[in-house]
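What follows is a group of structures, each given as structure tokens.
Two complexes, one shared chain (chain A), two partners (chain B, chain C).
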Partner chain A sequence: MDKVEFMRFWIFIPFIFLTLFLPFFLSQYWLHVMIISLFYVMMASSWNLIAGYTGQISFAHAAFAGVGAYVSGMLAVNMGIPAWLGILIGTSIAGLLGLGLGYLCIRMGGIYLSLTTLGFSEILRIIITNEDRWTRGTMGLQIPGFFIEYSKMSYYFLFLIVSAFFLWVIYRLIRSEMGLSFRAVLNDELAASSSGIDTIRVRILAFTISSAMAGMAGGLYGHYLMLITPDIPSLGQMFLVLAMAVIGGMGSFIGPILGAFVLEILSEYIRIYGEYHVLLFGLVALGMARFAPGGIMGLLEKRWRLREMS
Partner chain B sequence: MRQRILEGKGVTKSFGGLMAIHKVDFYLNEGEIVGLIGPNGAGKTTLFNVISGVYPLDEGELFFNGTSISSLKPFEICRLGIGRTFQIVRPFLKMTCLENILIGLIGRGERQKNLREKKKEARFYLEFVGLKGRENSVAKDLTLIEKKRLEMARALATNPKLLLLDEVLAGLNPSEILQALELIDIIRSQLRVTIFWIEHVMGAIMKASDRIIVLNQGEKIKEGKPEEIVSDPQVIEAYLGESNA
Partner chain C sequence: MAEFLMYLTNGLVMGVINAISAIGVSLVVGIMRVINFAHGELYIFAGYFSYHLSLTLGLSPILAMPLSVIFVFLMGVLMERFLIRPTYGDEMYSLIITFVLSIILQNSALLIFGPYPNKPPTLISGATSFFGLFHYGNQRLFSFIISIAILLSVFYLIKRTWFGKSVRAISQDREMASLMGIDHLKVNMLSFGLGAALAGAAGVIIAPIFPVTPTGSSAISLTAFVVVVLGGMGSLKGCVVGGLILGILENLGAAYISTMYRHIFGFIILILVLVFRPWGLFGQRT
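For the complex of A and B:
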């Protein structure tokens, strides 16, 4: 463990205490904000896995969350399948769609993945909006909750546990051989393939895992809101997740977590400006990408390293 | 006769209308050091890129240990036992030295070893190329010769039987060249790796090689022992003439 990693570890401990005990002191409103923040932690961290660690900019992440939410929601409404099972099915379908989409467009490389996922995302949103017999379109589909008895506290801990699980998986993954291969592919694809790394397989795998995670996050989100609309798989949602990862720090483990909390809490304060807050975040994200590509985490790390040297 | 480790028959590659290499026949015996020389644009690096699978070949056939590798992808060719370095060094710049070498070990595709064992082995290659103590340095902070050593270590970590070296001496000062030559000598004698080597530093390649292949404008114009090459009028005209005149 080097010094920076050591400091990160110590920052984590009070953070864990905070997440465990803070909710008991929060109002219902702030508890809701925390739950939504945790949803975005899952979304931004899993998006970071492909965008930050293998350099593939996918715009279908919110769409996969939509797949998770609608699959699970419609199964519950039409067939009475319990939420936990529905979410698992939704996760698998999101993962399979990710695998298929990845298989088709990852070998084309870079920009084609972005364009194809952008198209996929919009097509999915349009289908959900128009097939209102099944999805009730923009009116939204009412679905049962995850728990029989509604309690924000239970949802908070459910989201906390799943987020922690996601983060654990991501942490283990980026420190495994697979994670090293991810970074090698990001650094130099030609050199990686000439060193025996099956770069296509590595990238498809990352894409599949990340898509499945988005599906699970979306499923949980749907069963928390109990009303799912085409806003979940929308591009607005996608850009919010993107802004969180970029502002927090792409390619760092903590960055997207930080970005998710900061932006979600901030957006509660600037809610009065309506949808303009996404525009604002977009501008900040652009500025960050230009002047501080490492995001907030990158800036912090630089300061730590400087202090270490002096 | 020693076994042929690599053989190319009528290897041809063009980019659009430009014929980069045209009907080149060549072979390497096991344990040899073969130099590949020729003026700029002769097609040397293209030949390496075709061998390592970066470019598919247009015509001809490549055999490695008797099996055809013409339609394989770079990672498959690497796993068969052909490692390479790049003319312009390409270490993974944002990764540490140890991580760079680990990628070569992971690239072998051996599932039975865990990461800790692979790290231990990576340290062996780190020391082997003389980068001891640089384990946690990020590759972008290395000097040019260190980057070249690192790239060599990464290539060696894939456990190659044949190593393609693309101008490893370029940009090095005389004492660094001596060090690099020493390293290449150890690679051949200790690790028993066959070496196919592009170089512009004539003195060095003539001394180190068992055999030289000369390319000019995409065609093989001469092949033979170093002393035959230096005295060949065609070669002098195509290549040495340019720089010695």
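For the complex of A and C:
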């Protein structure tokens, strides 16, 4: 364990205590903010799995969350299927769609995946908005909650458990042999493929897992809000997830978690300025991508390494 | 029959405008391997520029149109110089940066120009009768003629001039081209500007027919991307053929199947191309 990893470890311990005990001291409003932040932790971390670790930019992550939310929501409303089962079905459908898009595009190169996922998310938004018999369009679809009795505390712990599970899966993946091949693909595609790594299969697999995770996150989010609208699969939402990963630090495990909390909490404070906050986040993300591609985590690590050297 | 011919003509007019916009994307992909996700926003900005130059400042539309295109060209040049150039060789960051830029421009357009569609004045009024079958707006015919003129000049620029030769050399082999003394930084910057200017040209041509709105920009980018993939990445001929195919299919589809799903036809084509012919109609199979 080198010094940087050691420090990371120590940051982690108080963090766990904080997440377990803090909610008992929070108001209902801040509890809500924490739940939403955890949703974004799931979204940004799973997007980072494909973007940060394999270098493929998907613009359909919010769309897959929309697939999870609407599949589960419509199953619950029309067929009375319980939320947990609906979410699992939504997750599988998001994963299958991810597999299909990934299979078609990834062999053609990263640009094709970005183009097609952008198209997919626009089309999904158009379908959801227009098929209002089923989805209630922009009015939003009211769906039952995950728990029979509504309590923000239960949702908080549900979201916390699922986020922890996602992070565990992502951590295991990037530390595994597969993770090694992820990074090999990112660093040097030619070298990786000539040393026997099936770069395309690795990328398709990562994309499928990441899409399924977005589906599950979206399903949970929908059953928490109990009102799902075409905003969930919108490009605005996609931008927010991307900005969280970029500002926190792409390709780092902690980065997107940090980004999700920072941006969600910040947006609560600057909400009064209305739509300007999207513009502000856009400018910050642009500055980060241009001058500090490692995000906040990249900057911190640079400092730690400098201090270690001096 | 007359109705069908009218939709077909609409499709042709949209098709050439699609082709102009798509060439703007294809040129940049061919040379720099960069997709500009802010393409639709540049198109929208040009539409708004021409509206404000002609209605707010009172310039003649004949002057306002090229001036708007020049503004957008400058935006493209600045984007390349300060945002894209540092990402050379890193495809991922160029995708992130242009996507973030598209969100920034879209939100700025909402703030600056407001959410309402703005329609610049038309140059010509009236309609021409086609063989006594149907009447067609003169403004649309005029747009069609300008679009053809732009397409011809772009082809001339790429096939016949020094700039075009450098562009083709770089798309074929970047290293070899720079060994031959081509300043690829300058060519990249100019091509990115030209790509933006073509988005702008499409925008100012369409705006008097269909007014532009800030929220319409992603659909515009997507149409251009579908045309580029359909025609084959980097192929200019592909953009023209692909643009016409998409223009005609979308207009016939909107007329006979469903207006709401106009953009879905494009996405279906994109998926079909990826399944059956991923290198596109005129692209090189690698």
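Rule of thumb we're sticking to: the second predicted complex is superposed on the first by the 310 of 310 C-alpha atoms of A that agree within 3 Å, B and C clash if a C-alpha of one lies under 4 Å from a C-alpha of the other, contacts with A are read in each partner's own complex, and residues count from 1 in each chain.
Simple rule for what comes next: contacts are C-beta pairs under 8 Å (C-beta built on N, C-alpha and C of every residue); 3 or more make two chains touch, one makes a residue touch a chain.
These numbers were taken from a predicted model, which means no experiment stands behind them.
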Item checked: Partner chain(s) touched by A:Met79 [first = chain B, second = chain C, both, neither] -> neither
Note to self: Looking at A:Asp198, would you say it contacts chain B, chain C, both, or neither? Reply first, second, both or neither.
What the structure shows: first
Next item on the list: With the two complexes superposed on chain A, say which partner A:Ile148 touches: chain B (first), chain C (second), both, or neither.
Entry: neither
Check: Does chain B (first) or chain C (second) touch A:Ile13, or do both, or does neither?
Finding: neither
Checklist line | Residues of chain A touched, compared between chain B and chain C (which is higher) | finding: C
Note to self: Which partner chains sit in contact with A:Ile272 here, chain B, chain C, both or neither? Use first/second/both/neither.
What the structure shows: neither
Check: When the two structures are overlaid on chain A, which partner does A:Ile57 contact: first (chain B), second (chain C), both, or neither?
Finding: second
Margin query: Quick check for you: in the superposed arrangement, does A:Leu180 touch first (chain B), second (chain C), both or neither?
Written below: first
Next item on the list: Name the contact category of A:Cys105: first (chain B only), second (chain C only), both, or neither.
Entry: second
Note to self: Residues of chain A that sit at the chain B interface in one complex and at the chain C interface in the other, please.
What the structure shows: none
Margin query: Can you tell me which positions in chain C touch chain A when the two form their complex?
Written below: 29, 33, 35, 37, 83, 86, 91-93, 95-97, 99-101, 103-104, 107-108, 110-111, 218-219, 221-222, 225-226, 229, 233, 260-261, 263-264, 266-267, 270-271, 274-275, 278
Checklist line | Contact set on chain A toward chain C in their complex | finding: 51, 55-57, 59, 104-105, 107-108, 110-112, 114-116, 118-120, 122-123, 126-127, 130, 235-236, 239, 242-243, 246, 275-276, 278-279, 282-283, 285-286, 289-290, 293
Next item on the list: Spell out the residues on chain A that touch chain B in their complex, using ranges where they run on.
Entry: 2, 176-177, 180-181, 183-184, 187-188, 190-199
Next item on the list: Using the touch rule from the top, collect the residues of chain B that touch chain A in their complex.
Entry: 52, 54, 73-75, 78-79, 83-84, 86, 90-95, 99, 102-104, 106-109, 115, 118, 136, 154-155, 157-158
